[in-house]
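The following pair of complexes shares a single chain, subunit A, combined with subunit B in the former and subunit C in the latter.
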Partner chain A sequence: MDVAALVKLALDVEGLRAEPGEAPRVDQAPTKVSEIDLNAVEEAVSIRERVGGSVTAFSVLNWGPLSRRMREAREAAKRVLAMGADRFVLVADEAAVGADTGFTAAALAAALRARGPFDLVLAGEGTEDSFGGLVPGRLAQELGWPYVPYADGVEVGGGGSVRVRRAVGDFEEVVEVDLPAVISVTQEINKPRIPTLMQILQAGKKPLEVLSLSDLGLPGPGAGRGVRVSSVVSPRVERRGVVIEAESPREAAERLVEELRRAGVI
Partner chain B sequence: MSFDAVVVGAGPAGSAAALQMARRGMSVLLVERGERPGTKNVFGGRMYSWALEKLVPGFRGEAPLEREVTREVLGFLWRDSWVEFQVGRGERAAGQGYTLLRPRFDSWLAEVAEGEGVTLVSGIRVDAPVVEGGRVTGIAAGPDRIAAPVTILAEGALGLLAEAAGLRPPTRARDFAVGVKEVLELPEEKIEDRFGLSSGEGSAQLYLGDFTGGIPGGGFVYTNRDTISVGVTLRLGAYSAGEARARTWEVLERFKSHPRIASYLRGGRLVEYSAHSLPETQYGRVRAAGPGVAAVGDAAGLAANLGITVRGMDFALESGRLAAEAAASGDLLSYPRALREGPVGRTFERFGAAARFMENPRLYSSYPRVIVAAASRSFDVREEVRGEGLIGIARSELGAAGVSTVRALLDVLAAARSM
Partner chain C sequence: MTRALVFSPDDDRCLELISAASVATGGGLDGVDLLLAGPAGEERLRTPSSTGVGRIVVAEWSDPTDAFSVDRALRAWIGRERPDYVLLTSDRIGRQVAGGLAQLLGGGASTEVVGLESAGGSLTVKRMVLGGKGIASEEVDTPAVLAIQPGRFPPAEASGTAGGAAEVVRLEDPGADHRVRIVERRPRERSGVRLEDAEVVVVAGRGFERREDLRLAFELAEALGGAVGATRPLVADLGWLPGSDWIGISGVRISPRLMVAVGVSGQMQFLAGALDSKVIVAVNKDPNAPIVGASDYAVVADLYEFLPALIEVLRGGR
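Moving on to the complex of A and B:
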């Protein structure tokens, strides 16, 4: 089975710095592979290990500046390839930076068509920076394929379909979907493997292909801005700065309880 | 997959060794445990630049440096008083040392090495050296073994691989200190105003005082571009590991809340905190090389607290370069001699006494008090007239601290001679 895994270079939110009430300094924050996308890669690799075929990872760079992100993308690709993907296709273009999910899905669809055919597309249910969870669905629409979100189990039998287990609220649903299809996975589906030294070394020899929008025959700047982010600010967190000084732990505890009551939190 | 050399650890020592071997035409694998180089160490703040100058002559235009250190401060804190000796070195300091932040610096140096053809792999822990017939023949990492004629251990302070390779004696607590550090963010102009610095200039400040509670150790403050590095180091021999965990943060908090130190840090926003072990007084106890293997940087015990200077990164870079040259010449065992006869060995030879002097317990228990109290009393003005004079004040403060005048004079002489 030929499987495609979608991989986003998401902002590392732990590295995001901002003054309260101001926009976070996105350009200075590092990016890394969104955690749940690693589950998608793991599932793709384990399907190939079970039934044979190939795994191709696809990524569209969403965050600038491109010069810096390219270095991070190469590191990310190396990690994904070390996990067992056979090749990595990276769409990197200034015009795709800041694009909305519709444009990202269109770019992915074009890349999938150009490097396909594929039987199955796997993606994380959402990415840890913006968690829109829209790209897999919009990609399925672009491709005209069925879409099953939030899978925590994928069973590949013979024939042209797969069984997908979904935990929905407090019941479990099993669906059978005809291939080709797009499936988004949850973090519960598996535990992504940690590559060994040798696997990382071998990853350096696997193909990483970088495509621009014109390579894919897609329109340039101006397209794909259906949704515009009008502002991003970090919340103001006010500290009251109350210091309790007391003779004994008991007295301190009593005064703390008193303070918390007064603040209305207990 | 085979390499001419494997280097464990992509800190300054490891990247320097890898870089120089690659330049000499060797194929080199550099393995780093952290997610990327520079994420797993703790570094006070200042690098002396002579060794990097030799390795990467154009580093000033390329390396991520924070500030050029032109200001040195040696301070003594006692209760809420203090004495600071401040030395402004002006032009004389030019180019000698820089403050820097290691996550950025180490990534940069590893990239320079990659540019010379080094293969860097991050996120992998090396479990052990492979030893066959008394010779190190490579490394083991998880299920994999990588064979190489040369293995360079740049694993850092604990040196467990170097110990397994037979280069280091078993680890003893007294050979280590623990360092804890915070990085506080402040606007660039505020730092310059507060420390009295011009743009691009930096200050390096070391402190002794009662904040360590008598434990041998000290505090430091280094100015970066828009952050301040502040921390303490404590010798581990003086207290147990359990106590170390409980007390180290306490000591840092006491240091930070001393009025003098607090005045530097006011309004700073905590952006990073970290802790790490650091080698002390290990030079001479570690063999720098054996068959097929060499230790560089902290793994070789190459760090020294010489009282008014604290050295480590320059030794790391130089030892890495020397080990690489020895490996490239085909005679790795010539490295210990090159190290001993070069600037690193000569520094330990010349200033070893200073490192030993820093073990003097009175530096941590009595002298900060004597110095601060005597200096502070000299400025007392009260209705009652007392005519003790400076020597009288010093003697009475020494007496109060339980140190004889003769003992103190001998210590002053020892300090003057060793530093």
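Moving on to the complex of A and C:
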């Protein structure tokens, strides 16, 4: 089975400095592989280990400045290749920086077509920095493939279909889907492997291909932007910030209850 | 003609989405089409048109809890009417269908929407990004698919009695996509009250060492008259609260009068679901845990010593 894993270089939100009411310092924060995308890579690699085939990772760079992000992207690619992906296709182009989910999906579709065919596309449920959950569904529509999100388990049977275990609303479901298909996974589906030093060294020899939008025959800047981000500000959290430290648990409990009663909460 | 298509499995949420549609269009909305999936009772069919609903689209064959069948109904209507706006709730069903519908319409899309502004014919959407560290303002082109967080808009109310009932339109089943088949389906167990509706929520985090110890969280919740929720690892990784939802960006959003977070570190992905709590109390043994800075009252203590004492004080033990 030839599997594509979608990997976003997301802003590392842990390292992001944010002052209330101001724009978070996005340029200063590093990017890294969005956490749930590591689960997608792990699942792709383990499917190949079970049934054979190949794993190709695809990424469209969404954050600038490109010079800096390219360095981070090479590191990210190395990690994904060390986990067992066979090759990494990176779409890097100034025009794709800040692109909306529709444009990202169109670029991914073009790259998948150029380097395919694939039987299965695995994505993350949502990215750490945006958590829109829109890209995989848009991509499925673009390719005309069925889309099954939120996989907690993927079982590859014979006969050109896979079974997906997932939870939606008040129900647990097992969904059988014919290939080719797009599936998004949750963090619970597996534990991403930590590559060994040997694997990391070998990853440097695996192919990393960098494509521009014109390589993919896609229109340049401005095209297909259904959403433009005009500003990002950090939310103001106005909390009282009272820290209760007391001699004994009992005393702390009494003080807390007193405070809550006074504030009219209980 | 500016038209919006609205769907939520929940009637109250539908009314919120109707308000949202009206805000999105700056009042320039010519009509809302409300999709009712599944058997529609007489009462729902009599929705007054003065709420803004022009047409009630009945898809009796569709199951409002099955995302694939909801998708099919939405696509059938969109293919026919090409609405300018599609409004959904930002839950797993809404997020499942939003991307595909936006691509189908060739338009913009935003999920996890917390606010809308319309000025000079352009729509600005506010949504939480960067794991809760930022609120982004995004300008969205129409047609637009918007998945809105519950509780962000007041429910639409009927204004006066003029206009009578909305028109009812039956939607034919276009036929299933045979490439996707649900082969098994069972309801998840629910452990008690819906967290979204609870006035007081005690949240258990990884600070609890064993599943049995959650007893303390339940006793505290009982003493406060509230419900118990948890962080994602407790539900999703450990399964300590089977079938229930976790609180956070990928789970449910709560807005209680009081949240007591016990043994919770306060990562942004969690806090993003709890920011609307009126008062936040944190119990953590680490004074440097992020939750301490994000709370109104923080008790720096070992939960195993503090919770029994707190429960006793609340029960009036002297």
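By definition in this document, the second predicted complex is superposed on the first by the 233 of 266 C-alpha atoms of A that agree within 3 Å, B and C clash if a C-alpha of one lies under 4 Å from a C-alpha of the other, contacts with A are read in each partner's own complex, and residues count from 1 in each chain.
Simple rule for what comes next: a residue touches a chain if its C-beta (ideal position, glycine included) is under 8 Å from a C-beta of that chain, and two chains touch if they have at least 3 such contacts.
Being a predicted model, the structure only gives us computed values, none of them experimental.
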{"item": "Between subunit B and subunit C, more extensive residue contact with subunit A", "value": "C"}
{"item": "Partner chain in contact with A:Lys8 - subunit B first, subunit C second, else both or neither", "value": "neither"}
{"item": "Which of subunit B and subunit C A:Leu201 touches, first, second, both or neither", "value": "first"}
{"item": "Partner chain in contact with A:Gly132 - subunit B first, subunit C second, else both or neither", "value": "second"}
{"item": "Contacts of A:Arg69 with subunit B and subunit C, given as first, second, both or neither", "value": "neither"}
{"item": "Which superposed partner A:Arg48 touches (first subunit B, second subunit C, both, neither)", "value": "neither"}
{"item": "Residue ranges of subunit B in contact with subunit A within the complex", "value": "1, 29, 31, 36, 119, 121, 123-124, 141-144, 146, 271"}
{"item": "Subunit A - residues contacting subunit B, complex", "value": "17, 75, 79, 194-198, 200-202, 204"}
{"item": "Complex interface listing, subunit A residues touching subunit C", "value": "11, 13, 16, 18, 23-24, 26, 100-102, 105, 125-126, 128-142, 146-150, 163, 167-178, 181, 186-188, 225-235, 237, 239-245, 248-250, 252-254, 256-257, 259-260, 263, 265-266"}
{"item": "Subunit C to subunit A touching residues, read off their complex", "value": "9, 65-68, 91-93, 95-100, 102-104, 106-112, 124-125, 128-141, 144, 177-188, 190, 200, 224, 232, 236-237, 249-250, 257-258, 268-269, 275, 278-281, 287, 292-301, 305-306, 308-310, 312-314"}
